[in-house]
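Shared chain: chain A. Partners: chain B in the first complex, chain C in the second.
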Partner chain A sequence: MMVDGVEDEEKWLAAGIAGLQQNAFYMHRALDSNNLRDALKYSAQMLSELRTSKLSPQKYYQLYMRAFDELRKLEMFFKEETRRGCSIIDLYELVQHAGNILPRLYLLCTVGSVYIKSKEAPAKDVLKDLVEMCRGIQHPVRGLFLRSYLSQISRDKLPDIGSEYEGDADTVNDAMEFVLQNFTEMNKLWVRMQHQGPAREKDKREKERSELRDLVGKNLHVLSQIEGVDLDMYKETVLPRVLEQVVNCKDEIAQCYLMDCIIQVFPDEYHLQTLEILLGAFPQLQPSVDIKTVLSRLMERLSNYAASSTEVLPEFLQVEAFSKLNNAIGKVIEAQADMPILGAVTLYSSLLTFTLHVHPDRLDYADQVLGACVKKLSGEGKLEDNRATKQIVALLSAPLDKYNDIVTVLKLSNYPSVMEYVDSETNKVMAMVIIQSIMKNNTQISTADKVGALFELIKGLIRDLDGAAHDQVDEDDFKEEQNSVARLIQMLQNDDTEEMFKIICTVRKHILTGGPKRLPFTVPPLVFSSLKLVRQLQGPEENPFGEEGSTTPKKVFQLLNQTIETLYGVPAPELALRLYLQCAEAANDSDLEPVAYEFFTQAYILYEEEISDSRAQVTAIHLIIGTLQRMHVFGVENRDTLTHKATGYSAKLLKKPDQCRAVYACSHLFWVDDQDNMKDGERVLLCLKRALRIANAAQQMSNATRGSTGSVTLFVEILNKYLYFFEKGNTQINAAAIQSLIELITAEMQSESNSPDPAADAFFASTLRYIQFQKQKGGAVGEKYEPIKV
Partner chain B sequence: MVLVLAIGDLHIPHRASDLPQKFKSMLVPGKIQHIICTGNLSIKEVHDYLKSLCPDLHVTRGEYDEDSRYPETKTLTIGQFKLGICHGHQVIPWGDLDSLAMLQRQLDVDILVTGHTHQFKAYKHEGGVVINPGSATGAYSSFTFDVNPSFVLMDIDGLRVVVYVYELIDGEVKVDKIDFKKTATTRLAH
Partner chain C sequence: MNYLIGAFKPACNISITFADGKNRKQISIEPVLGKKVEHNGVKIELLGQIEMYFDRGNFYDFTSLVRELDVPGEIYERKTYPFEFSTVEMPYETYNGVNVRLRYVLKVTVSRGYGGSVVEYQDFVVRNYTPPPSINNSIKMEVGIEDCLHIEFEYNKSKYHLKDVIIGKIYFLLVRIKIKNMDLEIRRRESTGSGANTHVETETLAKFELMDGAPVRGESIPIRLFLSPYELTPTHRNINNKFSVKYYLNLVLVDEEDRRYFKQQEITIYRLQENS
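Up next is the complex of A and B:
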């Protein structure tokens, strides 16, 4: 059915255009031969095509535009005629003889244009006549286009200030009256369309109305362009008259469009000064009008106006813009009790943005808006609507963007309350926004209270909220979120050690609610934060006679111990081991032997009981040996116990090469450069010899299983270690020992069963080069190396 | 002229939230030909960021790295130079130059790039050069007390390498440079 209708319309339009063009052709011929009578006849016939009721507005418009173009040529002809002596008044009379009213009026308007230009009559008189005459057309589509034509041709002929048509009698008042009247009549026609035709075609009618709306709105645009219409005139006459029409027409489509039009078309300063009148119209509108969108747009415009220059801000204060808008919105929300939550939040969001732009220093205003929003939300329960949630995120992000400082935002007492009403997904989104803001602006959050408030705010990231869908979390997203929390923890700083300790305790309290999934992310940054605090406490400024109960390194270490313990439940033994070793080093620097020993014990237990993967063991043992090697706080007994254990672990690694390397690394445990009593040459040599034995065993194993003895790399490594201690002055290692090791390696490399390894060869070669270099150094070093032959 | 960025021990997010802003604005994609990273990034995001600066990225494993697939050591040739990378927690005693020299001999490289101590070093010994770019974020270290954020840029040109070290001290970026020349017999001279 629809297709047929469209096809028919196409046919009618084509027919209309054809008819129009044909008559235009004859009209042109008449114009060329200065035949006024024929010109009028054919132009009237041409214009008759516009009498159709069969076309939709879009199609009618096509017909209209062609007629418009033709009428321009006719107008030029009329102008020529008057120059040739034809009286314009006569012409004005003549065209009214056209048979049908619609062509008659189009012609009249066209002549009227020339009439006004001739100045033989005041512009206001002609305009008044025309606008009244157009009443003859009451058909909505035809009437709207006719009046649109009138508006178009009269635009440059209004008696505006500074215009050539302004006379003593003609004032801007007349121009205004003319446009207002045209507007009023056009609106009436437009509204009438709503009620024409059967109920089942309502949608079609409303669509057609929508296509025509700009014709009506144009009048407001013209009004705004009239120079003489200043603020006073707008306030006294234009706005009240326009609003009167808008309210009285009681038509939802017209009201919605026109209110928006008013806001878009007239300058923002006007709106500010007429805020009360404008807002007063809203309650009088039809209940079905989408007030919230219009109000939001108004506030958006005013926000941008405020943002454009600081000079306009006092105006806002002077007219008490905030309280007026706040009241208006309150009334609207109250009146429309069943407004969906999206609407209410959008309104509050716009109002908040407005407040932030206009009154950035009035946190109480912003808080008021949030409070009103909370009140509305409290009646709803948790939000389901996706768009409403997005609006809430916009609402909450606005103060963050404005102040760039979460600390200021936290001063808004209602801010956390709003967060309470969003679902856990949105909470996470908002939490990420907050963290980004902190990182971008390098915001300092320096007291435990603020930290606590912040972590409450972002709790969606910190722990599983009730009812959250745990299994739907994307792993990468989860990692990103937790890493953001970790980065956030780095930003929490205070140079005052007491306050910093409180901050650490507060953070700890929150992250411990996170559960095993989150702890591996959040515990390490907290640990390092604490270690930084320990270092601060060791600083020279620290008063060693601090008050009772003040923070000490010991207290921090206690906390650290309890914190790292929580990783057992994850389980994350490798991470825990690393953290224990870090703490041990820090305890070492604080001269706390028992504390350091305790941390080592914990690390060792983890190694023995929880770390079974070979590769992990190798790394872990190297970390243990490396850390232990640097410890100076241990007494002989403790150190011996720990060293003995470490060497034991080293010898028990699975793969022989790993064993070998770990054992010779242990040799350094018996030789610490800066502590003379820590240089046990014998035990160093014992380690190295043990490493040699293991390397040998490895060779034999290789021979047995693969038929060749494998690489000599391990031997070269051990040789290098021999050289290391030789140079350091370990008397147990002499040139002879080194010599025999060199010969051993050389023999191995040349043996038949040895599979060549270029890397090992190069290593051996560079070691020999090193020995050569040392020999050539001369002095004490040269002497030492002299006996070694390479 | 080949530019090689040596960087490492960022420890993001365990010990630092991000690279210093002044460093970030200096490290622009397209200017560097190779990146050598000693390890302890520690998360994928940092890897991706470095990759965005230069696609030729070489990383060795630090003990806190999230990705356990990075190798313990790596060697590569750039121009006339052989470079070796190792995080350094494997070399005991930590930071000991003689032990690092041993590793250098083992890898048979002219330049050894290593980290772990968070302390910038550029040291020449008979076997070659050892460079430690320090910690790019100034991360906490049990080894070094006051860590200034630092990284190294090497300009390799024929037989010569110029090592530029960038350090952030009291909010200002300070640059220093050291020259190393390699003789044709493949041994590095100062």
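Up next is the complex of A and C:
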């Protein structure tokens, strides 16, 4: 059915065009031979094609455009006729002899155009006659196109100010009256379409209507182009008349489109000065009209206007734009009780954008808008509508975008309340927006109160909100979110240590509610933030005799200890261990031996009780050794205890090579270069020997299990340690020991059971080359190496 | 009956000319070259006739005047006779209708004893001008079909001259039918004869579209109809008890099912002195 309809329509259009062209051809012939009679006859026949009812507006438009082009030629002809002496008044009568009304009126408009140009009659009289006579077309589509033609041909002939058609009798008032009348009639026709034809074709009809709407709207555009329509006239006549028509037509589509049209075509300052009149129309519109979009556009325009120049801002204040808009929105929301929440939120969002642009200094206005929004939302419960949620995000983002400063936003007392009404997913989105804003603008949030408020805002990221489903959370998203929180924590900074400590406490309080999934992300930045504070406390300005209760490194460390402990429950022992070691090192720098010792103890406990994976153990032990090596705060006893334990752990690793490497690493614990009291050559040698033993055992084990010895890598590594300590002047390590180790390795490599390992070979060769190099260096070093033969 | 009539050319040519715009005219008679015309006298008649086509072409003279132009004799060469009918009453206009014709004619008869008389006719048109009527009310009327269609229409006058323009408007008070278009027709009603023999013939002379599409309540549609393009005559009322010609404006509304709703109003058409 549908397809047939379209095909038929194509056929009718083709037939219409053919008929039109044929008559146009005869018309041209008549024009060429200056035959007025035939010209009128064939032009009328040509225009008769426009009488069809079979075409959709779109197709009809194609036909109309062709006729339009032909009528231009006819108009030229009429003009020449009058030059040849034919009276324009006679012509004006002559075309009215046509029996069919539609061709008659097209011809009348065409001659009318020439008539006005001839100035033989006042333009206003001709215009008035034309616009009145057009009443004869009551068919919506044909009427709209005819009147659109009238509007087209009269545009440059309106008796506007400064126009050549302006005269004593013709004033801009007449121009305005003419356009207004044509507009009113066109709108009536357009609205009427809605009520004609069967109900089942409603959708089709609405589609057709929307195709035609610009014909109606164009009149408003023409009005806006009339020079003489100044603010006074707009305010006194144009706007009230247009609005009267809009309100009275009681048609949803028309009201929505025309209100938007008014907003778009007339200048911003007009809107500003007539805000009350314009807004007064909104509550009178049909309940189904999408007021929110229209009103939003208005506010958007005004916002842009305000943003365009600071000079216009006083105007806004003068007309109290904000309170008028605020009232109007209140009234609209009140009047349309069943307006979906989306509408209300959109309106508030636009109003907020408006006030932010116009009154950036009036935070109370913004807060007022948010408050009104909260009030509306409170009647609704949590938002379910996706689009409404999006609008809320827009609403909440607006102040951030404007002020680029969360600190300002935090002053809006209703801001968090609005956040309450979005679902946890949106809360997260919003939280991300806030964090990104902070990042982008490098905002300093420097008091604990603000930090507290901020974390309350972004709680969607900080903790699981009631009953939110976790299983659907995308792992990557989650990580992204938590990394953002981590970055945020790093951003918090205050040079005042007291306040900074408070900030840390506040953050801690919030992140501890985050549960095991979040802590691994949030604890580390907090720990490092705290450590930064510790370093600050050691700064030169720090008064070591601070008053009671002031922040001390000790207090911070205490807090840190408690914070890291929370990772037990996650569990994340490896992370906790690393953090403990970091803290220990910081305590070392602060010369707090007991604290450092405490941290090490915690790390050891974790190592013993929680870290069971062998690879994790290897990593952990190397971390422990590395950290411990750098510690200088410990007394002999404490250090011995810790070193002893570390060595013990090393020897107990699961795999021999790991054991071997850990043990020879331990050798460094007894030899700290820049501290003479920590150079115990004997114990270094003990460690290395032990490492050698283990390497040997590893070799044998390998031989026993696989029939071939493993690589000599471990030996070469130990050789390198020997060389290191040899060079550092450890007297326990002598050339003989090195010599024998080299021989051992060479023997191993030549043994038949040795499986070749090119990497180890190369390593060994480089090591030998190094020895050779050192020998050749001469001087003290060369001398030292002299005894070693390779 | 003379069977030779028609076999030969007439013995002479007669031409009638109007010397000036008034009643003084002349005729000239010219014999066929080299021949003489004998006659029993020459006369000219002015006749006003009404001819009814259905009545076997019979006509009635309502005016008949005779002037004797010549006594019996012979005409050898072209001869001119002036003549004049002064103060002739010509109360009716020339009219050519469907069933009836009103004509004025000049009839010249050259009577001859044998060979038949030579007769020549010359029609002429009579127009009677009417001064503008002193009373010319508008036609205003409200009509309708209950709960279906109520309209009010107005024509600016009831009497129009031939080159007049009808101005008016139609106001829709109630529209419950789907109107497709609205036309204004000019109809001529010619009635001839009387009593049982009355013949009535109605012609639509103009069909002028006033409105395209369906109006709604409150719409008012303008009327502007120029009469000049149409071949109208003045209204004739009871001409010599033989015929009448009347004009009507017929307002026709057509709905989507092509049903016609109409209202007919008589108007009077008169001839106005054009330079007055």
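Couple of notes before you dig in:
Quick note on the criterion: the second predicted complex is superposed on the first by the 750 of 790 C-alpha atoms of A that agree within 3 Å, B and C clash if a C-alpha of one lies under 4 Å from a C-alpha of the other, contacts with A are read in each partner's own complex, and residues count from 1 in each chain.
Criterion: a residue touches a chain if its C-beta (ideal position, glycine included) is under 8 Å from a C-beta of that chain, and two chains touch if they have at least 3 such contacts.
Everything numeric here is computed off the predicted structure, so don't read it as measured data.
Of the two partner chains, chain B is the only one touched by A:A665; chain C is not. In the superposition on chain A, A:L531 makes contact with chain B only, not with chain C. Using the contact criterion defined above for the overlaid structures, shared-chain residue A:N100 touches chain C, although it does not reach chain B. In the superposition on chain A, A:A486 makes contact with chain B only, while chain C stays out of contact range. In the superposition on chain A, A:H622 contacts chain B only, with no contact to chain C. Contacts of A:R51 after superposition: chain C is touched, whereas chain B is not reached.
Comparing chain B with chain C, the partner in contact with more residues of chain A is B. In the superposed model, A:D160 makes contact with neither chain B nor chain C.
When the two complexes are overlaid on their common chain A, residue A:T767 makes contact with chain B while staying clear of chain C. For chain B in complex with chain A, the touching residues are 11-18, 43, 45, 63-64, 89-90, 92-94, 98-99, 101-102, 105-106, 108, 126-127, 139-140, 142-143, 145. Those residues of chain A whose C-beta lies close enough to touch chain B in the complex are 439, 479-480, 483-484, 486-488, 490-491, 521, 524-525, 528, 531-532, 535, 578, 582, 585-586, 589, 619, 622-623, 625-627, 629-630, 665, 668, 713, 716-717, 720-721, 724, 727, 759, 762-763, 766-767, 769-770, 773.
Those residues of chain A that touch chain C in the complex are listed here as 51, 93, 96-97, 99-102, 104, 132-133, 135-140, 142-143, 188, 192, 196. The touching residues of chain C, when paired with chain A in their complex, are 179, 181, 206-216, 219-222, 224, 226, 228-229.
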